[in-house]
Every structure is written in structure tokens, then in C-alpha cells.
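So that you can tell them apart, the chains are marked A, B and C in the order they are listed, and the count of residues begins at 1 in each.
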Amino acid sequence: MESVQGSCLDAIQEMDGLIKELYPICRSITGNGVRQTLQIIQRRIPLSIREVPSGTQVFDWTVPKEWNIRDAFIKNPQGEKVVDFAKSNLHVVSYSTAFRGKLSLQELKQHLFTLPDRPQWIPYRTSYYKETWGFCLSHEQLLRMEDGDYEVVIDASLEDGHLSYGEYYLPGESADEFLLSCHICHPSLCNDNLSGISVMVALATHMSSARPRYSYRFLFVPGTIGSITWLALHESQVSSIKHGIVISGVGDRGAFTYKKSRRGDAEIDRVFSYVLRTAGDNSKIIDFHPYGYDERQFCSPGFNLAVGCVMRTPFGQYPEYHTSADNLEFISLKSLSDSFDKCVSALDILDNNRLYSNQNPKCEPQLGKRGLYQSVGGQTQSRVNEMAALWVLNLSDGMHSLLDIAERSGYSFEAIKSAAGSLVEHQLLKELPVRSE
Amino acid sequence: MESVQGSCLDAIQEMDGLIKELYPICRSITGNGVRQTLQIIQRRIPLSIREVPSGTQVFDWTVPKEWNIRDAFIKNPQGEKVVDFAKSNLHVVSYSTAFRGKLSLQELKQHLFTLPDRPQWIPYRTSYYKETWGFCLSHEQLLRMEDGDYEVVIDASLEDGHLSYGEYYLPGESADEFLLSCHICHPSLCNDNLSGISVMVALATHMSSARPRYSYRFLFVPGTIGSITWLALHESQVSSIKHGIVISGVGDRGAFTYKKSRRGDAEIDRVFSYVLRTAGDNSKIIDFHPYGYDERQFCSPGFNLAVGCVMRTPFGQYPEYHTSADNLEFISLKSLSDSFDKCVSALDILDNNRLYSNQNPKCEPQLGKRGLYQSVGGQTQSRVNEMAALWVLNLSDGMHSLLDIAERSGYSFEAIKSAAGSLVEHQLLKELPVRSE
Amino acid sequence: MESVQGSCLDAIQEMDGLIKELYPICRSITGNGVRQTLQIIQRRIPLSIREVPSGTQVFDWTVPKEWNIRDAFIKNPQGEKVVDFAKSNLHVVSYSTAFRGKLSLQELKQHLFTLPDRPQWIPYRTSYYKETWGFCLSHEQLLRMEDGDYEVVIDASLEDGHLSYGEYYLPGESADEFLLSCHICHPSLCNDNLSGISVMVALATHMSSARPRYSYRFLFVPGTIGSITWLALHESQVSSIKHGIVISGVGDRGAFTYKKSRRGDAEIDRVFSYVLRTAGDNSKIIDFHPYGYDERQFCSPGFNLAVGCVMRTPFGQYPEYHTSADNLEFISLKSLSDSFDKCVSALDILDNNRLYSNQNPKCEPQLGKRGLYQSVGGQTQSRVNEMAALWVLNLSDGMHSLLDIAERSGYSFEAIKSAAGSLVEHQLLKELPVRSE
């Protein structure tokens, strides 16, 4: 892969435009909102859209019925729409069954959800696996509702159909794969799902113009059931996945956070640790824990893939999480751009983290006669390269990758990679096949 | 084993009563005092009393002659008993040979031991492997003795007989054994030997009412020669001992202390580390060292058993050690009770530290359809259990015991054990055979 | 090896005398200065002097032509010698080709090297692998040179000849070798090369009077090309080298410093760590890095020998390095003596770091019947020995060397070695063959 320094303006604009285009759509774990989302992504990258029929058995789970909603509202006794799906798709509990009837306020309240602590925000609720219906509204809306009979309409369908997901496979030199996955199942929530989608599309665009060593697979899937479905349908291919990340909420103003894979010391874990350590900002590394996003499935003990998760503020640790306040204002282009940059750095290092064998392992080779050593004194910069070259030669014994050498020597990965490049040109190093972990 | 929370009043009273009953008896490494002690224990737990003949070769050692003493005193020139065995059995050096004669004070002083720094205390001395005789007395007593001829009588016998020890074997589900051992060879000393005996009897009573996984073996043996004798006579059975503790001075007011086995990372070491860490008091963990109590023998390199040692203040680190001041006032029921509780906690955790295999290891099982997952929101307590269940599922790969999972997750052992129980009920987990170390 | 406490006066005087005798000689990587140096060493220890012909291929390198210099000077327009090799052999760039001609000051300046920051010091420069010529002089000398034509004479030869090195092999009980190496290729520089030579000669003298377990090989070689040549010519013998040190600048007033072998945890690394930790002074341990002295070659990945490097202030970190200020005043007998002492301690420990097997591994042996245990009380010193004996018995399971036991127990290596000696006498321990690493 060719290196790219920093996120270019193009990537930032691309992310910004995509989020704005996707924001109004009502997504859930199935249905036309997901399809529409995938089609919009498809205009940017050559995505394949897959459809898996309801009822398909995927490990311990079953692909659910497809849910589609056309309209929903609550009319007060005066016939005014006091809650209207057309104004915010958060108003309806996701996967609500169709309903049409008149209820007293008392009866209706069994189906209403608000956030008394945040009276202006609409909560986001789902009920995928229990058939029921409900509305979410701001607490202020609720307080304005007076006694009387309310007309309730949910024009939705929950019937056999398909689960939709998107997949983009970018072949590299090797059949070994790097997996990237994000969830696409949330309605008008920005940090939670749109930030991840936009950064992943930007990464896919970026990698398409590189000539990477690994093959890259980008999955756009509904959370939990989507990754389980993909794993169940591709079980035999899973062994090709050598590294991966799940991209979750990466647009809020919190610090960049990397959650390690279940293995804890996988190459992807070491690469992100290196990137964050050398970034010198307030980025954080956290240990694996078995809840969060789809790393739960990729890191289940039967797969135990080397898949970490990138985020900024962990889910549930910011009040806007799963509310209408996770909107376009909540996320920051600076954060998106920083998240993109850090992922690019990690992908760049991992893709270039090669293993070499010193072809002249007994004593040092004579660098001077190859022009790799200053004959007299010399500038500092050149001297650094000599030292980097000595480190690469000394540690290229088939046991130390370039990242190992960078870490042990204290020289930057870039300096070590560059020294290795010169040594390869002079036939002093030979690349070895990648270690399989 | 069924869990017991805290030490019940019964256990405390049992320990207190036993110590008071055993205190007056003159014990040594052999003899009737030991037999009487074992018989008193036998009234509480179904102890088998074993007798090993003098002269039996046990590894590098020989079972010594049996020592019994009936009376001993020193009379001053006025015919008054100035030192009298009847008043304290510490007055005679243990294993003193019989003696009867008249000595000048000068001659007698070769056989007298005092503690000049603690003039009111009688020291405790032994001479097991060198035939001699002597008296221990307070320094104040010595200072009151004037020149003149003293009549000395030691009415003792040292002749072929037996070494006595007691053994209680409590069978469990498995033939794998947990060994508990304490020494029973000290005369009227409370912390040093009676505290350990009483806690061990209470533990034996406690375990008898449980249905433990391991089989438990309780040894009441004279120090050093007793454990060596037991090991020599049961060499072929030793491989069944998977875990163990030696219980020494556990009644003084110092902090609870666990001395690790020679292995240092045995399961018993990890369990006590966990118990003491979560106790949040000033308990201490110390490394193995090859002196102390019978862990010296169990942890000799030819056995290297996973046997630690529990104590409070380490021997020799309190001035009352091996003096008449290690008496009934010196020990505290609170300390005995705390020592008992911590041992119960450790035994409980170790006995329940099972290993499971996730029966649905690829992706998470659908907890919701089994009623193991809240369908909407939910209470905090239940949520903790869900998280504990996710941890158990994620780490039950045959490599992580429940204690491993508790430590990695930060959830309590109790919460993890309880989650595992639910998952077993739902056929999501299956127990694996215990790892042999 | 018999222990020696502290450096005796003899060793100090020997080092002092040798440095003074070697100081005036003009050494380089080949030539008569090296030969003369080796002959002077040969008067002290039975050195074999080897000659390897120019043009010999040694791995990636070729033994260079031999360089000899007879005279060199620069005369000013007035015919006065303003730079004169006879006054300091640093004045000529080492390996300068012969030259004779008249140059303007402008032309001449291309060939002059000074240290403007240290105007009174003459720098030391070499040009081994690029044929050129040059003079080094103090900056003050340069400033005094006025415009005009200068007569330049370098009466030197660079022609086929030999590379000379010295080797002293001291056979021990075992064919396993301990290698010591120092460089001998610098002209009148004291810390850089003469300090190492003198300490190594003193160590050779010291070891000759011991009866060591290992065989000791002392190499006096020109830097880089010398060690490469030796390794190339003795490739098949290299596997006998089990431990080693390179001795570099060990006479300056800085703290003693040990640079670990590339392995980082070799026995020699652990021994020096132990010696420096117990020394309680400001000694330092630094990690391996692939530049420095001939450890670069011994630790190249194709050999990866357990060879560390001893020094005081690392090269390049003191301003006198590679200048005329690295003279007789720069080094201190106290530092030389301390360097010698620490090496003796390390050699002593490593040579005695044996591995034993407890012949009575099941339970403790009865030390009392062998007189190894106090029957009553006892003095502190004797008690320490009992404890040391218990540690040796407990850990002599074929896995723990005496150094391991000293480190784990906290007792001194000397105490542990002495206890092991007593136990061997009583047939309680048996020596095992050394572990090969």
C-alpha cells in the first residue's frame, strides 16, 4: 500500500456529504431504509448488496422478518398530530408491529417512552425479538398531552422478506484478508452508525487507490444479526481473515479509543498501540470486553479473530447516546478526520509490517562499499539511516517484523521501513512469508 | 461444596472450647500428650489415630523414641520446689532424659534456660535429637535462686514406643485431594499449635456438611518428623494431592498472611491472592521460603506439592513466640474467626473453580430467546448478570477457569459462578475435566 | 576458579605500566604499530600473534592492505614544521596514502581537520576504506597558518601485507569457552583502546593463576575487521563460545556500564546485572544496540553469541572521545581498578554458577545428624548458613543454578556457593552438567 499522509480534503468532504445524505433515512436491522443506505454507498464504492431470506438459520439465531414502515402518528382528542413519524423517525420503536386504534391516555402511556432527565430529547428504542409497538417522544411532548382518547396509527409491516447487507472486496497481493466492519441499522443517529459508515467508505476509497499487500473486505451490516449472518454464511472463509477492525462511533468530540481484540496481543493490537503511542495525544487503549459492537461476534471463542474496535467515546458513556441529540451537530469533522487518519496510519503500518531475512547474517555486511555508510563524518539525517539500517540488519532473523524493529530500536516505523527498502535494493535483505498467527 | 457466608457462632465457640481443653496438656513430638490431644479432637471429628513405631526409617530420618514425662522439679537447699513441672509444662526442656541428683547452683545453671530480656516469661526449648536434660524458667525465678545444693528430679522416660498422628479423610466427588495439615507437638502454647488445630477442626466440621468436589484430608501431625513420616508412608498416594495448606499460628492479633507454595503460581496461590485482594483488609501475601512449618516437607523438591501456609504474624516475629506468654490471653477469637472465614472462602472458591466449554462457541448464543437477556432496558442487577454471562460465554474455551474469568472481567467470583450455573442449566455450557497442573 | 577479593596492587601497577608503555605507539588496523603492541603484551601473557594476508576474504569483507607510516609533516612557507607526526601520531589521518608536494593553504585546507569547538585538541580521523590523505591538528594551529605555499610530506606505505592480531587461550576443565575481546587499533588514545587492553591483560594474568571451569580465550584484535576476520577463520569453533564480553573504554571517570548481549537474558547478562545490583554504586545496565564495539559482530544474527560489552561512559558521550584529550591524564587508576574488580567478580560468579541435584529430594535431609544444624539456638552467622543450605537443598532440582538460588533467596552468591560446597561434601548434592543455552 502506498502511504498517504494525513486525510486529504476530499476524504473529509466525502464523509461530510455522505452523513448528510444518510441522516434522514429510517434504518433498522432489515427493510428498505437499509437498502436505500447501501445504494447510496454503492454510488461511492463498488459495493455488492446481498439479501438473505427471513427464516435463514444462522448459528443460534434466525434471520428475522423484514420490517418496513410507511407512516405513524398519534392524534390528540382535537385531531392534531402530537407525535409524527414524518418529523423524526426516532418516534417509533424500531420493529413496532402495525397498529391502528383509539386509546385513552392511560392505556397509551404503556407504549410511550421518554427521557425525563433530558426533557427535550427523543429516546431511541427497539424491540427486534419481541412483537410489540411503541412510540418515543420528548418528555416535554408527553407533559403537554392531556387526558382523552388518542388515535394511534402505525402503518408498518413485519413479514417474510430479507436481511440486506453490503460487501466490498478489494483484492491485494495476498489472499490473506483485512476485515473492516460497521453497523448500518440505526435511524437518524449520527455518531452511532453514520460516523462509522462514512469513515469506512473513506477508507475503502483510500485503499482502492493503493496497491495493498492484504486483501481488504469492507462489511456494511446490521448490528449483531448482520455479522452473525455473514459469519454463518462464510464460515469456511473465515480463516483467511488475519486482521480486522470494527468501526463504531468515531465522530464525537471525545478521545480516539482502540479496544483490543480478545487475543490482546494480535498484530492489529500492537499496530494501533504503536500508532496511538506515537500520536502523542490523549488517545486511549482499552482491553477487550465481550459487549460493544460486532467485535463480540468476530471475537467469540469459536472464531477468536484478531479484530479490534475503533471508537471515540465508548457507547453509553455520553448522554446523547441513543437519543435524538446524536444529530448532525453532535459530530465533528475534526474528529471524523482524526479517526480516518489514525485508521489510515494503522492500515499503512500493518500492510507494510513485513518480515525480512538478513542475507549476510554472519557479521555486519560492509555498508561502505555499497554507499550505505558515510566514509567521513556526515550529516545527522544520514547517520540516522545508517543506524536504522544496522538495526534492521541485526534483527532481521525471521523473528522480528519491521514493527518489532521500530519498537525495539526507538526509530520510527517510516525510518525502519525506508532502511529496509534500501537494504532490499542492495540484496542484503530478502522478504519472508508473513507469519501466520 | 455449598457456600457458607462468614463464620457462624458455632464455629467460634467450638474453636474457643477446644483450645481451652487442649491448653493444659504437655505435648511433644511423641508421647501420651499427643495421644490425649488426638482423642479430644476425635470427639469432634471422626479422626483415625495412627501409631508408627520408634525406629521406623522415614526417608533420611528415623522415628524417635517415645518421650513421656510424669513429674519434674527443682528443690532449693531449703527443700522448697522453686521450679515445678506441675505448674507449667514449659519448665522442662522437651525430650529431657530422666535425671535425679543433687547439684550446686553452678552445675545446675548449665541446664537452665531463661529470657533475661523478658524476665517474667518462661522460654520453650526442645532437644529432640540430642539426649540431654534441662529446665526453662523465668529470669526472675533464676535471680531468686541462691548458692547451695539443689535437688533435681526429672521423672521421664525415653524409650521405644510410637509416634502418634491423626488423619481424617473426607471423600468428595473426585479422588483428587485437598490436603490440610497442622502441627500438634507443642505443650501449653496457644497461638503456636492450638490455634491451627482449632481452625482445622472447625474447617473439617464445616466441610463435612458440604458436598465437596475434592476429597479433603486433614492431618494432625507432630511438626517436621510427623509430615515426613506421613509422606514416607504414603509416597505412592501423594500424586493425588492437588492443593493444600499448612495451618500454623492463626490466632494472634496480626494481619492474616498467606505464604505461597514453592510453585508460586499454583491454583491455591491464586485463590488465596484473590481472597485476600478482595478482602480489602491488611492481609499479606509472602513468597515461599524453605523454612517455617511443614510446607518445608510438602514443598521439598522431590514432592513440590501445591501447598501454601496460612498464618497471621509469621513465627519468630512476635516476642511471645515460644514463650509462656503465648497463652490464652495472647490469642483473639476475632483473629481465629477471621482466619477460619478466609480459609472457608478460599476452599469454597477453589472447590468451585470449574472449567467449562461454551457449547455455542461461534458467535453469541441468543440469550433473549432463553429469557437470559432483558428485552427492554432493565434493572442494574440483572444487567450485571447478563454481562457476567457474556464474560463466561466468551472465555469458556477450555483455557479459562471461573477464577480466571472473575479476575479478567472484574466481576466477583460469586457472580461469575452464578452466571455459569444459569448457562449450564440452559445447556450453553458444559463442564470440562479439571486441568491437572 | 579461585575467588580473589578486590584488585591487588599488582594488577593496578601492571595496568598502569602497560598503558604508559603502549601510549606512544602509532597503531591502526594493520601495520607495525599493532605488531609492536602485541609483542609488548606477549611479554606479560603467552600471546600467540597471528598474521592474516591482505586480500583474504572474510565474510562480506576483505582484509585490507597493510599501512605503515614513517614520518609526516607540513612545512610553512618559512620552512618550519607547523604540523609534525613526530610530535603526535594523531596528526595524520589513519590510512593516509603517501604524499609529497607543495600546496597553497587553500588547497591544503581540503585535507585538514580540526575541532573549532575545542581549539586546543587534535581530532582523530581514519579513512580505512577510501584512499585519501589528511592531517589533523588543533584549531589554534590552523588559525596560525598564513597564506602561502606549504610543503607536505606523508612518508607512508599502503601495500599487501598482513592484518595482525593476538590470541591467548587458557584451557579450563571444560571445552566450553568464555571469550574476552578488546580492540587494539587506535594510536595515542588512552581510554579508547589502551584501557581495555590493560584490563584484559590483567584479567588474563588473574585467570592464569586460577583453575577455571571454562576455557578462556582472550582476543586482541583491530576493531571490526579484526573480529570479523577471527570469526570468519574460526567459524566452526564458534559454537564452543558460551559466554563473552567485549572490553572497551574502561578507564574514564564515568560510571561502570554493562551493555547486554543481543539475547538480553543470557547468563552473562544476568551475572553482570547481579554484580552491579549488589555493588550498590551508580553502575548502569543498558540494552543491546547494534553499534558500538565488536559485540556488533559477535551479536550479528548469524552468530548471536552471548557476548556483552563492558565500558564506563559510552563512546561518543564524552567530549575527549577520539581526540588528543583522551590521554594519560584522562583515565584514572581508580576506574581501571574498579572495572577490573567488577569483571573479576562477574567471571568468578559465572565460572562458579553450577547446577546441582539434591540427592535427598523427598523431604529435608536431617541436617542435625551431619552437624549442619545447630542443636540449640546458636549464633547468627551459623544460622544464616543453615538457611542458605535449606535454600540450596530446596531449589537444587536441576532447574536452578547457584545464581538463581542467590537471587531468589536474597542470600549472597558467596553464601550460597559456600553452603553448596558443604552439602556436596556431605553427599547431599551432586553437580549436574551445565545447561547449554
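To be clear about the criterion, a contact is a pair of C-beta atoms (placed from the backbone, for glycine too) under 8 Å apart; a residue touches a chain by one contact, two chains touch by 3 or more.
What you see is a predicted model, and the numbers here were worked out from it, not measured in a lab.
J.: Indicate whether more than half of the residue numbers at the subunit B-subunit C interface occur in both copies; give same if so and different if not.
T.: Counting which numbers both chains contribute, under half are shared, so the two copies meet through different residues.
J.: Could you say what rotation angle superposes subunit A on its sequence twin subunit B, using C-alpha positions and rounding to the nearest 5°?
T.: When the C-alpha atoms are superposed, subunit A turns by 120 degrees onto subunit B.
J.: So, what's the distance in Å between the C-alpha centres of subunit C and subunit B?
T.: 56
J.: Two or more other chains touching the same residue: where does that happen in subunit C?
T.: As it turns out, subunit C has no residue touching two or more other chains.
J.: Considering only the defined contacts, which subunit A positions touch subunit B in the complex?
T.: Per the stated touch rule, the residues are 58-61, 125, 127, 129-130, 224, 227-228, 231-232, 235, 262, 289-291, 296-297, 299-304.
J.: Which residues of subunit C touch subunit B once you look at their complex with the stated criterion?
T.: Listed in rising order, the residues are 358, 360-366, 368-369, 375-376, 387, 390-391, 393-397, 409.
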